[in-house]
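Have a look at this one.
Chain nomenclature is as follows: A, B, C, D, E and F, assigned in order of appearance, with residue numbering initiated at 1 for each chain independently.
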Amino acid sequence: MRLQLRTWPDVEGYLGTSTGIIVPIGSTEQHGPSGLIGTDALCAEAIAIGAGERLGAMVGPTINIGMAVHHMAFAGSMTYRPSTLIAVIRDYVMALTAHGFRRFLFVNGHGGNIPTLQSAWYEIHAELRQSGDAAAGAVRFGVQNWWSGAQVKAYADEAFGAAEGSHATCTEISLMQFLYPDHAPVLAAPLDPAVAPHHTFHGPEHYRAVHPDGRIGSDPSLASADHGGRLFDIAVMEAMAAYEKLTTAE
Amino acid sequence: MRLQLRTWPDVEGYLGTSTGIIVPIGSTEQHGPSGLIGTDALCAEAIAIGAGERLGAMVGPTINIGMAVHHMAFAGSMTYRPSTLIAVIRDYVMALTAHGFRRFLFVNGHGGNIPTLQSAWYEIHAELRQSGDAAAGAVRFGVQNWWSGAQVKAYADEAFGAAEGSHATCTEISLMQFLYPDHAPVLAAPLDPAVAPHHTFHGPEHYRAVHPDGRIGSDPSLASADHGGRLFDIAVMEAMAAYEKLTTAE
Amino acid sequence: MRLQLRTWPDVEGYLGTSTGIIVPIGSTEQHGPSGLIGTDALCAEAIAIGAGERLGAMVGPTINIGMAVHHMAFAGSMTYRPSTLIAVIRDYVMALTAHGFRRFLFVNGHGGNIPTLQSAWYEIHAELRQSGDAAAGAVRFGVQNWWSGAQVKAYADEAFGAAEGSHATCTEISLMQFLYPDHAPVLAAPLDPAVAPHHTFHGPEHYRAVHPDGRIGSDPSLASADHGGRLFDIAVMEAMAAYEKLTTAE
Amino acid sequence: MRLQLRTWPDVEGYLGTSTGIIVPIGSTEQHGPSGLIGTDALCAEAIAIGAGERLGAMVGPTINIGMAVHHMAFAGSMTYRPSTLIAVIRDYVMALTAHGFRRFLFVNGHGGNIPTLQSAWYEIHAELRQSGDAAAGAVRFGVQNWWSGAQVKAYADEAFGAAEGSHATCTEISLMQFLYPDHAPVLAAPLDPAVAPHHTFHGPEHYRAVHPDGRIGSDPSLASADHGGRLFDIAVMEAMAAYEKLTTAE
Amino acid sequence: MRLQLRTWPDVEGYLGTSTGIIVPIGSTEQHGPSGLIGTDALCAEAIAIGAGERLGAMVGPTINIGMAVHHMAFAGSMTYRPSTLIAVIRDYVMALTAHGFRRFLFVNGHGGNIPTLQSAWYEIHAELRQSGDAAAGAVRFGVQNWWSGAQVKAYADEAFGAAEGSHATCTEISLMQFLYPDHAPVLAAPLDPAVAPHHTFHGPEHYRAVHPDGRIGSDPSLASADHGGRLFDIAVMEAMAAYEKLTTAE
Amino acid sequence: MRLQLRTWPDVEGYLGTSTGIIVPIGSTEQHGPSGLIGTDALCAEAIAIGAGERLGAMVGPTINIGMAVHHMAFAGSMTYRPSTLIAVIRDYVMALTAHGFRRFLFVNGHGGNIPTLQSAWYEIHAELRQSGDAAAGAVRFGVQNWWSGAQVKAYADEAFGAAEGSHATCTEISLMQFLYPDHAPVLAAPLDPAVAPHHTFHGPEHYRAVHPDGRIGSDPSLASADHGGRLFDIAVMEAMAAYEKLTTAE
């Protein structure tokens, strides 16, 4: 049930039965020479919608730009400064708490969002408390980082082993191939090296110096739409479980 | 050409030929009892992508929440505070100017965004100038409010006359019926009154007091997917013309 | 009745009879080679005070710097960034709502202020609502852009025709000649060209490139103090009407 | 020479001879039962303009709202939050440094502005330095608190002694009677007590609790336009001296 | 080598040999009925100074308040909002980069700081890049969360097992007993239950509801100054190793 | 009674008897060739703790970085921008008002903090009032600038005369020698000149140009730990008196 595809009376009715909502959050950033820039937002969106449909849960609009300062040395990468992303999440949540939403499961597609997302939660808790808002004390947040669910990881371990990597991973590239089968990029040359290096990095210039084509530790040539389809089902199930846990807890 | 569905080398290549980009911006807000909450974002997105495809122009991710404080008395409406939306647009643009983008056509789906969008442009001009950025003096912004293009308005005048209204309009409802044919809401009762009232409003409470079901001046029962399809083509052509004007001006 | 020239018991008494106030807002920016930099603030101030005197309405202090980033390539132009102007208007209004003022008519002298002014109104509506302020739902804003009142425009059309222009206009220069008769600038040479060019502009550098002496589309040599006096009366009447409409609406 | 009453070529010419400017800053706040709310802004403005005329120095527009949170329990008082006033002063100064102004004498009419004014100076120094601005290292600020000049104080001591007080003082009331002779308020009753109490205060509620009519330590019935005229001349001379000292220092 | 206990020529000399600095960051928040409120700041400070002395590395002043919104339902807990903590870390780092410091090891005493600390790093990277600062591309950040070093954890596992817990842990209480032997609190009654519960929590009210005395999962009665002394040595060694890794990497 | 060395039940008990707290605030900035960079924070901290112990009053954690933009041309100096310091003080105070603290005595070690500290107080008053906080109208702030207490100044006059100076003063250097006897710097050469110059300064570059070694007007070679010990006792007594006055006033 996508909020964007419902009417306001629909939402009013929904709020009579549930205060939960799923929020897709991703990023718009380079994913190596063969990965699509929207990978993190589009994967999170698809999984969130998939879970929302099966659960009958409301799914909010996608936060499609994330905190990706470290990817900014590659053309096309976009980022919010952390302070802007906090404001975005704050306004997103506060708009919904005003209507009565109380439990927010973020389905996240980008590791770089996690610190700022958690910072935003506490910015909101502090503001609700300070302003004496009716939602203070009642709002609960959770996050499902879809790539790190236990079963997604188990699948990745078995299918891709060490070549899964941690950016432009086989898992996310597979999912995109499943979701957007017509957008496989045409590479001028094979990935070189096949498995990308994996370094600690510091800021955007250093990131590029140590990961020249943008990938971290992955060989996305192992990805396939077939893997993607199976991963999608697993990730949706794990997001559903996370939502049910968040919304049924007392 | 959607930025989200391209790789970073694609964008690098594109920047060798063009510094232009189309930015869809909409809103997530009530559109009366029969209009979908995502209307403004989804219409803008579709028109932007349509224009981008025909032009071979890059289209950025959609800013899907806008400035809609005045709609907040209806369940499910979301809004950025103007200050947050300025930060969002600022970060969006600054990320892209860092890569070399210089001309930004916003395809806008929500009248309430216009003041804040224009404020953001000058916030950016001021910051670029103060920081001595390479883009200072070179960045240009334009906006295509798709519903107010001359030909879209001419079509609306002829097809809907005074019942077009100014919120939850026949035009935008038609476009959504064309774009999302499976999401026609089931209304419990006919729209009452058929043509909604049209008042000056002040803040969210007053808005609802004078427009009880959310519509302003419209009778969206006149909308149809067929109208929507024709409006889509017109709106895309008008967006294309605006882009060409913005990007070819010296 | 200027707030600045009253005592606090006067204001307390006034609030027993009215919650309305007129707020002059202008700008401090170049007005071409023959126009005074304070034109927008001083015209708005004079009209606001004129209307306030005839109405017995309170007139607040003038917001004399506006959003004029686009004029910054000319010496002496000043500007608030949009975010600062939002804060200024927010604090201005919130100080007065704390005393019981509820209806704010801005008499505006500068087109460039309009987007930020409207953004500020919604920033305030959002904050009042979030903080549960007593003024939430009761505050109403209006703006009278004095140069675009129907009768001012009719006068300008007849008196100046196409040479009225849109910056450093005959109308505003006339009004300043009426208000400040001793400050006519001594021009070294005739205006060249007599009627200034009129272009779309983008940021301060581009503005100056296409409007080299600062004017847009005007021939202010047609201005006169005599025109100014008549325009003053018309503009005051139109501001009075706007105030009465705002304050008497339910 | 008021910036508002000059053209941009005038300012360009002026900058060829001087980088100095005088900035009037005041407040809009209660001044007891017989003092006008605009006292602090209007006194500062008159003295600044007086000094500017005699010096041939540029005088900027008046910052007519100051930091007056502590006066907010009296109707009609206005205030900027300190953070807003810092932004106002920052933008004011940065607009002028962009044109080449370097030395800023603030003629101040309100003691409560001093801390925030000084805070703003360092906010600006920090930003200029961080952004590598051409004005970094060259900008200098000074303030002339007109009521505390040595000769103004000597006059006040002799004319009013202990009844001068520290808010709604005899000195400022005299100056306003000189400047605005037609706006003497009609008091319903004599000031009671004749000399107001003088306490330490904490926040707006406490301020009013200990200074019930708004005055601090003054008996403004001793004020007169005649005193005001003499004080004006003294204050202008002291402001001139401060400006010359600031602008001629190496 | 504590920055606070050095002169500016000392620092100038130091910068000729190293651009590294150790930054203690902690929190001021409840640590259960027997733990001291300053635990997180004082432990981090002691370990940072210990490592700095042995390394000859500069140690900055302690950031003694952290992000602890979730502890605010217990008397005496303090917190910065995440946005404030980002500003604090930003200013702290930018002051030092202006002098030439480039590598910053944060020795952290509070898990709740981690997201905001990482957010701050990217806020800084973004600002350095945008402003064209000399430090852009050269600044590197690292964090040593002292309680989660491999050897500290191994010690805790062996000494305390499952009773270590995750707030008001045996480890940190031991360290405080070693560092502040005279400040053992006198408890009115034994800890009840001996081992505290361990729940997911949401905001300050919920935190207290599920952890009524403030502890999470720990039995700090197992702590001792003797354990604390051994843990101190281990934690200092691990911080030293982290600093050397950060400062010697190319 | 240091907050950092107490448990939350201790604080709960304390709040049953008192709502007062002492807040040490200093700076981390150059103090000339022989003064330690932490002088202002460490002196304020020691005096605050000394007063707190004798009074049985709570002492909060030290704000150890202050507003020291003007010292930034000397290596090792740190500063918060004024806007950041306002946020720091705001969050510090608001965390404590949430628990019931109402009276805040700042023991300040740095003159440069005073304007921003006072600005912060009014930022807080404004926010408490706007949000309808329970603490609005009840919070009171005071500051004891330890170096300017009447008896400290009398001691300095007698002991050091004109060589006391106003930065890197004999008084503060003496206090540091008393507090940190092992950290006397080894100077390569005598102070030159013995008594430092004393100028008006403007921003960090100008400060250094007119005070080349960082001192203002002082000859700290006159300082001694013996003087420091006596000054400590005097400063503690004056801080105690200030606290008692602030907390016992109605």
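Things worth noting here:
Just so we're on the same page, a contact is a pair of C-beta atoms (placed from the backbone, for glycine too) under 8 Å apart; a residue touches a chain by one contact, two chains touch by 3 or more.
The model shown is predicted, which means the values in this text are computed figures rather than measured ones.
Over half of the residue numbers at the subunit A-subunit E interface are used by both copies of the sequence. Here the CA centre of subunit B is 46 Å from the CA centre of subunit E. Work out the mean CA point of subunit C and of subunit D, and you get 24 Å between them. Residue positions of subunit D with contacts to 2 or more other chains are 72, 79, 81, 83, 98, 129, 131-132. If you sketch which chains touch which, the pattern fits none of the simple shapes: not an open path, not a single ring, not a star, and not all-to-all.
Looking at which chains touch one another, you get A-B, A-C, A-E, A-F, B-C, B-D, B-E, C-D, C-F, D-E, D-F, E-F. The part of subunit C that touches subunit F in the complex is made up of residues 94, 98, 131-133. On the side of subunit E, the complex with subunit B involves touching residues 129-132. Residues of subunit E that touch subunit A in their complex: 67, 69-70, 72, 79, 81-83, 86, 112, 114-120, 122-123, 125-129, 136-137, 139-141, 200, 202-206, 249. Only residues 2-12, 15, 28, 30-38, 41-42, 60-62, 64-65, 72, 74-81, 83-84, 87-88, 90-92, 95-96, 98-100, 180, 183, 185, 214 of subunit A touch subunit B when the two sit together in their complex.
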